[in-house]
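Note that chain A is present in both complexes that follow, paired respectively with chain B and with chain C.
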Partner chain A sequence: MRNTVFILLLIMTLLFTACWDALDINAKDLTTAVVVDKIGEDYAFIVEVANLAPKKTNGEKGESEDENYSIVDSKGKTFADARANLDNKLDKPIFLGTVRMLVLTENMAKEGVGEYLYRLRNLYEYRKALNIVTTSSDPENLLELQKGSPVSAGHTIEDILNKLYKTGNTIETSASDALEKLSSEHTCFLLPDINIIGEAIALTGYSVIHDSYYIDQIPITETKGINFILNDKVECIYVVPFKDHRATVDVELKKKKITPFYKNKKISFRTEFELDGLVKYLDINDGFDEESQREVEKNLKQMIEKDINSAILKSQKEIECDYLDFDEVFRIKFPNEYEKMDWYKAYLDSYIEVNIELELDPGGDYDYNPEIKR
Partner chain B sequence: MKSGVTNRQIVFILLLTLTSYSVVDISRAMAASAGYGSWFTLLITSIIFSAVGIIVVSLANMYKGQMMHEYSCKLIGNFGGYAVSIYYVVYFSLIVVFLGLQLATILKADFFPKTPKAAILLAGIPVFCFIAYKGITALARLFEMIGMFYIVVGTTVHVIMFTQGNPNYILPLFNKADIGNYFAAIKDAIFPFLGIEILLIIPFSKENGKKSIITTALTVFAIGLFYILIVESCIMKLGMNDIVHYNSSIIVAIRDMELPFLDFMKRLDVLFLTVGFMGFFLGITIVYTAITEYLCRIFKNAKRMMIVIVLGALSFAACLILDTVEGFSDFVTSVGIYLGIGAGALIPGLLLIIAKRRKDIA
Partner chain C sequence: MNRKKYETIINKIKSDNIDVSCRYINSITGQVAIVFIKQITDRALLSQQIIKPLVREEKKYNLNAKYVMDNVIFSGECELENDFEKVEAYLLEGMTILLFSNDSRYIVANLKKVEQRSVTEPDITYSYRGPKDCFNENLDTNISLIRYRLKNKNFRIDYQEVGERTKTRVAVVYFEDIANNEAVKEVKKRIDSIKIDGIIESGELQAFLLNKKYNIFPQMGIVERSDMACGALLEGKVIVIVEGSGYALVAPKVLSEFLWSCDDKYANKFIGYFARFLRVTALMLSYAIPSMYIAIVSFHNDILPSDYIIAIAQARSKVPFNALIEVLIIEIFISLLIEGLIRVPSKIGTAIAIVGAIIIGEAAIAAGIFSPLLLIVVSISLISTFVPSDITSVRPFRFLRFGLIILTGIFGLYGFVLGLVLLLSQLVSTNSFGVAYMTPFAPFITKDAVKSLFYNVTTAPRRPYFLKTKDKYRGKANK
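Moving on, here comes the complex of A and B:
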């Protein structure tokens, strides 16, 4: 009996301590995406809230349709005002633990991403693993796209990023990553940019955040080189010209090494990329002889080298900001020298050498040069 | 009341007593003081405290079946013995109020924002006191049961955190130019190792033998390695520059984790709410037990039940009052280090020297 009382007391303390104010999941507005915008002088929140019991509403065309998600917006002179106005519109207490995506509009990012992220850091419900993206599309339209869909806009954007990240075709920046960058001496990083393309949500490139402010945009067509530098695993496709034809090649990054050097106060890096290429198909049925294979290999190598060099050149000469994380590599090898220098300036003058090693497999199981004996 | 413990139970008592609260903010504290060399500082500190463990257990082993109050009275006289016991009561009381307030603060800040701290304390203190009333042997069994979960869950979570974190955040692992900082940071690594003195309330028996000395030393060293795993994995998750902003860095780091391959438990907050807090509760409980044991020896005629009730009521009142005192936590973490060194190393060390000399003379 004594032991039973003892165990009961223990369990009560462990499991029920201070749960008296807990709310049932149905009694909260589960938020799946939060958009932060700046309209004129006002800050705006647009949130996507899951309707646990989908409401029947009349759409614009007067038809009856199910809505799985509600879009609620609010404005205010400060974030606190905007949040208070949002709370005034929501029928239940907001729950931010379910937010899958934080979307910052371009206008907001230009004003600085720092304040909102510091706010997020102290909102205990927010997950720090939450991904952040930017958008230049109308934020309400972005969320409205998924309103009737079984999958929220927040989840859709997260799924797109997760899928692309698995193959190294995008970068991912979580709130935690961004906060670490904002807390360090050298703040320059990328955020994926998401927009409406046609009638769908799509990744359209990267936004460059420098010292907390949005400064530039990198279109998706120019992100291949960045992905090779920032990601450990990259799988992508190149269409390589040879003679008068084209070969479509699957490229996979096998190994990457970036070595920093510091001699006579000059910073340099040697980057080495080991890649595998697999010819998927040609625009001709056969006749992929060794000479053509060598040409494809040479051209592909040049294409990849060009992509990586352009990415580096763009960061050093055009955008003038080290969002390629060369600072991390240098800091690890030369911590004392790094501490004394202004990396914002030092990076721009550094020399970065790109070396590519490519092994081309001309077709895997497929034989482009069959020996016909008939 | 039978009051012995096995060597195995000593391992779990040390583990949970030392790590219960310390794991919450050790990553922040070490990142702020030792930076990239946190592992080195913790390793050195664990070696130093392994030696402290050897002193404490050697002393306890010399007087089998007795607790510190009894043999300190024999070694330095009744007045000295009582003075030492009062010192330990004051020291443990300070720690118990500090831990109670930290528990309520963490629960309120990270899990139950609308719950008053007083309600959390009111639910917790009677349980801590009830277990303290049952004595060290019953408590040691509880330590053994929960300690197993604690080790398995704690190690698993932090190994996963290690794999999910960014290794660049903890590099370079060692910088010659910062070696002075690494040694200076030992001061900040002391607090997580305080608690070895809790073993002085355990009457050691023949069964414990000399093996208990080696067990204690190895356990303290293993706790140091456990701290290194926690600190490095939390820094890998949150980053060296950002982690210094979080007082409960381990909770933030665990919240930052997701296990996409586990559909039924993608987020791991629940693990800290159960297993982590179980360890925390037991850590507080053993300090209550220590105060009870000393008070029972000081007030020999008072009933144990009365002592426990008065202790619970006073600690509750002290928590409520000291919660309003600004800087109390900082006071404990700074002054507590010196009091802890006195309780864990200096007093047992002096008593050990006296005991050895008397033995030699005899």
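Moving on, here comes the complex of A and C:
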């Protein structure tokens, strides 16, 4: 009897839980990048699909070259229509587990990123660690830049972001990060903005998403302060003026601490940044004396402080949105107070103090400016 | 015995047609018949030690059995016997019989000689450091190889006979003061209970000694090298040596011991630990890696990073079969190749290997029948098969691998896990002469588990707990 029950259980388990949807990996269209666009009233998908047996095409110089990736687009009145039209164009079932980058066009982001991200949450094939970026460039041109290259546009964008993220020079927002932000009451976050610069793909700044809608753009030149606040590790370069000369300094964020205060219904933060600086290059042959070093240190400190203050000011006064994640530290320390307040307004009125501690290493093995050598 | 009975016995022996030879020597009081089977008798010794002295003495004295044995013949191993029913049995064993017309007793002399191979290097258990002498088909030679290494009075050899027709001698060898009594009794009991007309090789005996007839895992190890046999005896194991077989059996033996090699003991211990880790890994790879390939390629593509997924898909883009069929075809092909290589002479084997390698390696990939990645996977699996030192332990895994491949091919990762569960349940329900097969991991014995991975004679003064040996320590100093 026991054996019969065991065998019945086994058969039922096999019948009801087994994976009957076996399909070999090469029988699927492996997608490496997905662009979601809004063109007029229509939604559009542009996908980059790996050619498993690369096609031969004529390159710019008339030479035969391998086309490793194909670009397929589709439109529809709704996401479902656009997806159905996309499926009609693809010869195999689409596989989204290989998508390296989800690109939302500026038009789409303005329309709202929420709807598509909620769809993405239910598409189990998508990796939730998938990075999301925005673009204001033409999406097809963006993907076609890599045509003929062995590396897909999706991989290229991911590689650019990963490389910069390792040194803290960009932020990364994954699908799960974005979904977490969207699930909270106060939604404001940044997405890296990728565009075509010259004939290459490049990071051009951050897009600000507020309540799931794109509201503003922060150019790359204004992102240093944001990176210091949002990243735990930052390595960047400052060119510091002193006595009519310039010193090129490698700056590294060693430690960061943000402490929230709540007194008399007033919110304030004390931010402390501990940084190391290493003087790499000078534009003079000699004369980098102690006085000059002190001046470089003072000026560098002011420059970093200015960058951070500008980032905070832009967030509080210009864009009026807490994309710098001050709400997280405040909510952890004052959860009850946070629940009762309107964080949007409270954040805009909060006082944020910036303290910089910099230790400058004057270096010694300088590579002098070639102009001076001449 | 009167002359008539003497002649009746001789006539009976001759009429039974067992190919005996007789030499008669007449004395003043009667006749002596020397009866032997010439193919298994050392005739030079027979002439030297028995016929020559008898001929010299024939005219002088009254030749009776007692007198001849004590004063005439030079044979080192002989005895008096009076049961004439046993004469034929002695002859078939290779003994030389001396019958006397005037005596009711006879002499049984051991002048047995069987042609045998010399002691050669091992065939299946190679070692780069250990001794090279290994067993051959002669039981006495095999025992001598053990005995000269173990000079201890507690070393025991119990002989048993198996086979109604073959009367094969089986020696059960152990240390009386180390080996577990229960294990020794069990081995002897099982040998006693064998009812068969004959066994030729130790593998046949092993089949009779199994706990469960339908269990695929070896519950006894095979020992080819005498140093390994001695090592096992010192550990508290029982060795069974079968006449006519170059491979002795060792019991009890658990799965983890199949992954040990004598080089682990002889070489640097850290290198030994690493080698053991490699063998465990190899066992798992040989069993699971082709099935993992199917699970990833056909069912769970997103287990891998996307770069790998695209690379695998590109490698498989021309393959006309699904992953299950592809793996089954190549596994069967490789099994054919191995089976062919084992059974053919080495010169032809090289040719088969080259043809196989070219067909699989070059033509099949060029034709797009197999993906290069699968060939890598199957090659890793095949190489892993040969890493564990005892080949008998790996063959069941290699066989069961087909089941796992089919289960995974039908049910994906679920089938893979199901296959692993079935394998583990089979392993934990197996035992080798009273010792659980997965010991020391199931049941878990901490000290033995650590030793099974990090064993070295310098770091383990105690014998394994799970063997329940009488003497638990390796030497008095360790107590």
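Following the convention adopted for this analysis, the second predicted complex is superposed on the first by the 335 of 374 C-alpha atoms of A that agree within 3 Å, B and C clash if a C-alpha of one lies under 4 Å from a C-alpha of the other, contacts with A are read in each partner's own complex, and residues count from 1 in each chain.
The working rule: a contact is a pair of C-beta atoms (placed from the backbone, for glycine too) under 8 Å apart; a residue touches a chain by one contact, two chains touch by 3 or more.
These numbers were taken from a predicted model, which means no experiment stands behind them.
In the superposed model, A:T221 lies in contact with neither chain B nor chain C.
Of the two partner chains placed around the shared chain by superposition, chain B and chain C are both touched by A:R127. By the document's definition of touching, of the two partners only chain C reaches A:F95; chain B does not. Counting the residues of chain A touched by each of chain B and chain C gives the higher count for B.
When both complexes are overlaid on chain A, the residue A:N285 reaches neither chain B nor chain C.
Residue contacts after overlaying the shared chain place A:N264 against neither chain B nor chain C.
In the overlay built on the shared chain, the residue A:E180 is in contact with chain B alone; chain C does not reach it.
When the shared chain is aligned, chain B comes close enough to touch A:P335, but chain C does not.
Overlap of the chain B and chain C interfaces on chain A: residues 14, 17-19, 21, 127. On chain A, the positions that touch chain B within their shared complex are 6, 9-10, 12-21, 121, 124, 127-129, 174, 176-177, 179-180, 182-184, 325, 328, 332-333, 335-336. Taken in their complex, chain B has these residues touching chain A: 36, 107-115, 119-120, 123-124, 126-127, 130-131, 134, 142, 166, 168-169, 171-172, 175, 177-178, 237-242, 244-245, 252, 255-258, 267, 274, 277-278, 281.
On chain C, the positions that touch chain A within their shared complex are 296-302, 306-307, 309-310, 312-314, 316-319, 322-323, 409-415, 418.
Contact residues on chain A toward chain C in their complex (touch as defined above): 14, 17-19, 21-26, 28, 30, 32, 50, 52-53, 95, 97-100, 125, 127, 155.
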